[in-house]
Amino acid sequence: MRAASVSDFRELARRRLPKIFFEYIDGGSYAEVTLKRNVEDLEAIALRQRVMKDMTELSMTVETLGQTLAMPVGLAPVGMAGMYGRRGETQAARAAAAAGVPFCLSTVGVCSVEEVARTGTPPWFQLYMLKDRGYMRELLARAHELGSPVLVFTVDLPIPGARYRDVRSGFTGAGKLEAVLNQAWDGITHPAWTWDVFVHGRPHTLGSVAGAVQEGRRVTDFLVWIARNFDRSVTWKDLDWVRENWDRPIVVKGVLDVEDARDAVRAGAQGVVVSNHGGRQLDGVKSSIASLPRIADAVGGELEVFMDGGVRSGLDVLKALALGAKACFVGRPWAYALGAGGEAAIGKMLGLMRSELAVAMILTGCNDVRRAGRELLDI
Amino acid sequence: MRAASVSDFRELARRRLPKIFFEYIDGGSYAEVTLKRNVEDLEAIALRQRVMKDMTELSMTVETLGQTLAMPVGLAPVGMAGMYGRRGETQAARAAAAAGVPFCLSTVGVCSVEEVARTGTPPWFQLYMLKDRGYMRELLARAHELGSPVLVFTVDLPIPGARYRDVRSGFTGAGKLEAVLNQAWDGITHPAWTWDVFVHGRPHTLGSVAGAVQEGRRVTDFLVWIARNFDRSVTWKDLDWVRENWDRPIVVKGVLDVEDARDAVRAGAQGVVVSNHGGRQLDGVKSSIASLPRIADAVGGELEVFMDGGVRSGLDVLKALALGAKACFVGRPWAYALGAGGEAAIGKMLGLMRSELAVAMILTGCNDVRRAGRELLDI
Amino acid sequence: MRAASVSDFRELARRRLPKIFFEYIDGGSYAEVTLKRNVEDLEAIALRQRVMKDMTELSMTVETLGQTLAMPVGLAPVGMAGMYGRRGETQAARAAAAAGVPFCLSTVGVCSVEEVARTGTPPWFQLYMLKDRGYMRELLARAHELGSPVLVFTVDLPIPGARYRDVRSGFTGAGKLEAVLNQAWDGITHPAWTWDVFVHGRPHTLGSVAGAVQEGRRVTDFLVWIARNFDRSVTWKDLDWVRENWDRPIVVKGVLDVEDARDAVRAGAQGVVVSNHGGRQLDGVKSSIASLPRIADAVGGELEVFMDGGVRSGLDVLKALALGAKACFVGRPWAYALGAGGEAAIGKMLGLMRSELAVAMILTGCNDVRRAGRELLDI
Amino acid sequence: MRAASVSDFRELARRRLPKIFFEYIDGGSYAEVTLKRNVEDLEAIALRQRVMKDMTELSMTVETLGQTLAMPVGLAPVGMAGMYGRRGETQAARAAAAAGVPFCLSTVGVCSVEEVARTGTPPWFQLYMLKDRGYMRELLARAHELGSPVLVFTVDLPIPGARYRDVRSGFTGAGKLEAVLNQAWDGITHPAWTWDVFVHGRPHTLGSVAGAVQEGRRVTDFLVWIARNFDRSVTWKDLDWVRENWDRPIVVKGVLDVEDARDAVRAGAQGVVVSNHGGRQLDGVKSSIASLPRIADAVGGELEVFMDGGVRSGLDVLKALALGAKACFVGRPWAYALGAGGEAAIGKMLGLMRSELAVAMILTGCNDVRRAGRELLDI
């Protein structure tokens, strides 16, 4: 099967990955209503076809937070990517760098921030607020030292939402990875993955936080660790503390409400990601794209407004831009691609996004993504 | 299969129970439009994600009708539960007591109110208006004597609605239970149930009303008895008669219209359950959740407003609270759990509800269920 | 399988009838959009649940056009019913009489109006405008002579709409019935039907119009005859001609538009049937139930407003009454029942309608169908 | 299988054609949202049933751009039709001429404009703007010389949209047709096609542009040629250049926006086709039928407004006319028919459209398509 779209990479990943990992990537929380809304609400938005404009020049470049992005797309932080492809985070980082877009490393990546930085491009660094502030400070210092240009501070996971699929697949509450694989015959039925990741992709720990995790360092029960170490007492005041330890731009990820966006401005953030964690946290909340316009209207002039959730093509990217986003992040699309074919597949996926964005620009008469506005939509 | 959600308990019950009982629990009346609406309308409501609030303290306790509920959830009256698990009503009563929530015993329970009271916690007692007022008075006296704190007076079953599935499965009009089982090979194909309920769960009579039922005491034809003994001439005036025989709180169950809710206030009820009998009576009426807000607005200040119908997770509970309910009742969720695994499963189900409610509260910034209001919703 | 609902009779008919006849009954024209709308629009209407009303007295009787109907339901004219059950029209007529409701005989019935009248109750008589006015006059005279109390004049078939299923099943353009049966092995695979209808249900001609049909008297190609003999030049003026030949009530069937309904009043009709021929003519028109309220509002005071299309239960009947219909007609429901089990099944179907209507009345607090209005709906 | 509708021709084509060609015809771009909208939005429009009008006279004739059309339907330009049936474009041209409707030849037809003109009726000629203006001028001169009455200038393909199905089927990026057939066993599994098209339907080049295509003249990779030779710098000014080379009517195809339609008027076009290229270009744009009314209102008085996209029956044709179209074009319907059964099938399909249109006119009381307006719709 040749991959023509993100949905094809999804199918390829489904075949190649052990079930627990595929379900973990693919699923959302509870009845997966928000997961569906993210995709369907984007699909429902109508682009406005325009013709006979001179579309020789197309500019996809955006400047944000001191960086130049070759197109308005970035790789969202995705936990445990090293389990979907050998040293997955480094593969993603390289593909992103080649495409000229940012890669954001998750707190709970298999590869540490040091390992990713060694690819040559220090990643944006995503952080959850941990109870152990000493360890957090240490992490911030390490990422800063390595040159990470942006801190992505995720605020929508004060407690993990229940993902029914993970319970059913055996991911939640699973034992050692070895045990899981033996039990499930997953090793035998997914030989490519076994060779690539299980045999050659070690160690299977959470690189950046390995020093802090006590629970036997098994990658599969990191949710237990999150549940114990994540801090639900965090408020906007704590952002001050973060800023004392990080003098570069801070982007608050997981804002879905105008009030919260305004608070982020007040708290001095340089950006927000309008996000519901890809429909993985509070099921039943609105889609990111439905929440975006009001937030962009309210605070777009004061900080950078990004969005993620449900973006599956370059057409979706243009829709988000038209509704006020500076750039989009994609989570599952690159996780699927990584699982399907590693760095090359991620590169291919980014290439598809780019050419789809080009078609969308040309047929809406938009020469420059920086000038994308609601006039591109048929409302 | 490990159960991660109410829908998993449903699946487990489907496998374990004889078809006639599963269909009886699962089905609704006629084309099952209202049954679907109950679930879908709840699903369509959008919670409002809020972040960066200090969510260390979470209070789920509610005071109602002189009782303290550990969370705003109760087990709705479900007929014949003793056929889904051995002495099912007592198992449910114990699970509810352990979770600190009320269990409401149906008029047509397999276990009598006496048997349930022996678990240590006298149940809320649900009553249909019967033609034989003498027997009703006796029943009320028995429940009162045993200490039932609340009378739930069900008003939406003056005549039973037709449930097509029950006719198809052979439940309606079935003969002796033995005959049903032999005929259908249900005994052989459902050995766990046969051992648990059929062999060791006797007697299979309707405990509380056994004295009044004449039709050979077969549990499966109790609908015939209902059809003969239920009284469709009942009006609000008859509530006076009930109150003469019951000096504790009375909750009128089955109110879906504002006018009826106002009448319930006038008639001196202490509470109403906004309900359409789980989509089992007049198919085509609105969902409970769609009817709730107007009723809560109209009479919420004068009596306790509860709701049931379609609640499948703790997220749904918070939605109902936000729209004006003091607490929710769940019917099928506990019947499925009972059929799936008895008391332990009901406890598990209530635990899921509790942790789902916690996630919903934390991610909407609601520290106390008593303060849940429409600001928790994204309308 | 025991039939609990109209949909069960449909399933039974599907099994018992040769495919060409089942598809002919079941299908609609073109993409079957209107067919679906008829059912779905009724389903979408919400009844308003009311409780604690004294529902001891229930009156379902309606007076219309000089007749008393035991309930506000009638059997719509359905062509070729004698092919779905042995002398099908007489079976239907008897079942209707037993239930106290009118049976309307189609112009293209297998049984002639004389044969049906011999059951003891002369049917309402449905007529298409034919090019051969002499033959029409003769038909009218025959029906009048036999005592048919009402003439139903169908106006929505000036040309037959294309029914794709009939072309696919081989019904349209089929040859002799014998040939069809041999070819299709339909005789062997549907032995009950073969014995009942093919062997013992002869003759297979269109009873009332047999004298006028020249095309070899094959029942299956009567559509050809319709196409040749139906008259698309008919206007309201022609109704005068009809009235000269019929001094009893005339009901115009197939009105979907307010303007046409007003014209029917002007033309002196005693009633209209709001109908789109069961979604069998112009696909894409509105459902009958969606068209009903405006028509009832406009002309309900001046003539009897009936409706048909999509009525599948007594609940639907009450919805139609609430929106202004005096009574409903059902087409497929009785054709399915006839195909499923003859007269007894039609009686059973009417019994279901009746008890469903009773439940709907009791739970909406409606004691008398004659007082059903929009207050029964939750709009 | 006898074909009763366009959907039947689709099914027949699916069986007869090699997968790559069927998928190419059937598919749309990206997630195929617009493709679905084209059909569903037409389906959702309600015709207004009228009765008792004298419908003896029916006129379907329209005059447009100096021609008389026997009905308001034309065959839209479809690329590579010679691969779906032997010398497919000539078959279509003959069927169209027989039915008295225009056939529009695609720039990328297998048959050259000369070959088609030899059928006796010079086709309307569709042109894309090519980078090589010299070759374009030559093409225009050839078509003009042969007597093509109308130039259809397609403007919604400045860049080809991605069609995922073509990548998956192997069409995009496929090698020699021989290779494709061998590889896929398509020759063996589709013998009728192989005999008709592969063996006897040669040469398999793009007739009109064969002189300009350099890439080895393989029909299957013409998309590559389009991508290289199509010109995305074209603006309305370039229409002047076209007009200098074409003094007969010019119809701009691919206008979906009122602003663009106004520009087309200013640029001196004689007509526009409201079109999104059958959902094959910018996925996510509105359906043609949804875009039509505003455009017809804005410019209908100044040039001819046609539409295409999703028209699947004569009922759809009347809907489009009622919303302001002078005539409709159909793309897939004739491509399916060609693949299903060649010229005869296209004739059959046009016959179906005609009789369906007649039914729609008769039952909406419309005697003349030229007077079709919004009063035919139930809005």
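In order of appearance the chains are A, B, C and D, and numbering begins at 1 in each one.
In the analysis below, contacts are C-beta pairs under 8 Å (C-beta built on N, C-alpha and C of every residue); 3 or more make two chains touch, one makes a residue touch a chain.
Treat the numbers as computed from the prediction; the structure is a model and nothing was measured.
Colleague: Cα superposition of subunit C onto subunit D: how big is the rotation, rounded to the nearest 5°?
Modeller: That rotation is 90 degrees, given to the nearest 5.
Colleague: Count the residue numbers both subunit A and subunit D use at their shared interface, divide by all numbers used there, and answer same if that is over half, different if under half.
Modeller: Interface between subunit A and subunit D is built from largely different residues.
Colleague: Starting from the mean Cα coordinates of subunit A and subunit D, work out the distance between those two points in Å.
Modeller: 42
Colleague: So, what's the distance in Å between the C-alpha centres of subunit D and subunit B?
Modeller: From the centre of subunit B to the centre of subunit D is 60 Å.
Colleague: Mind pulling the subunit D residues that touch 2 or more other chains?
Modeller: None at all.
Colleague: Touch graph across the chains, line, ring, star, complete or other?
Modeller: Shape = ring; chains linked end to end, path closes on itself.
Colleague: Which of the chains touch, listed as pairs?
Modeller: A-B, A-D, B-C, C-D
Colleague: So in the complex, the part of subunit D that touches subunit A is made up of which residues?
Modeller: 30-31, 33, 155-156, 158-159, 161-162, 164-168, 170, 172-173, 232-236, 238-239, 254-257, 259-260, 263, 276, 281-286
Colleague: Which residues of subunit A touch subunit D in the complex?
Modeller: Residues in contact with subunit D: 1-5, 7-8, 43, 45-56, 312-313, 315, 319, 352, 355-356, 358-360, 362-364, 378.
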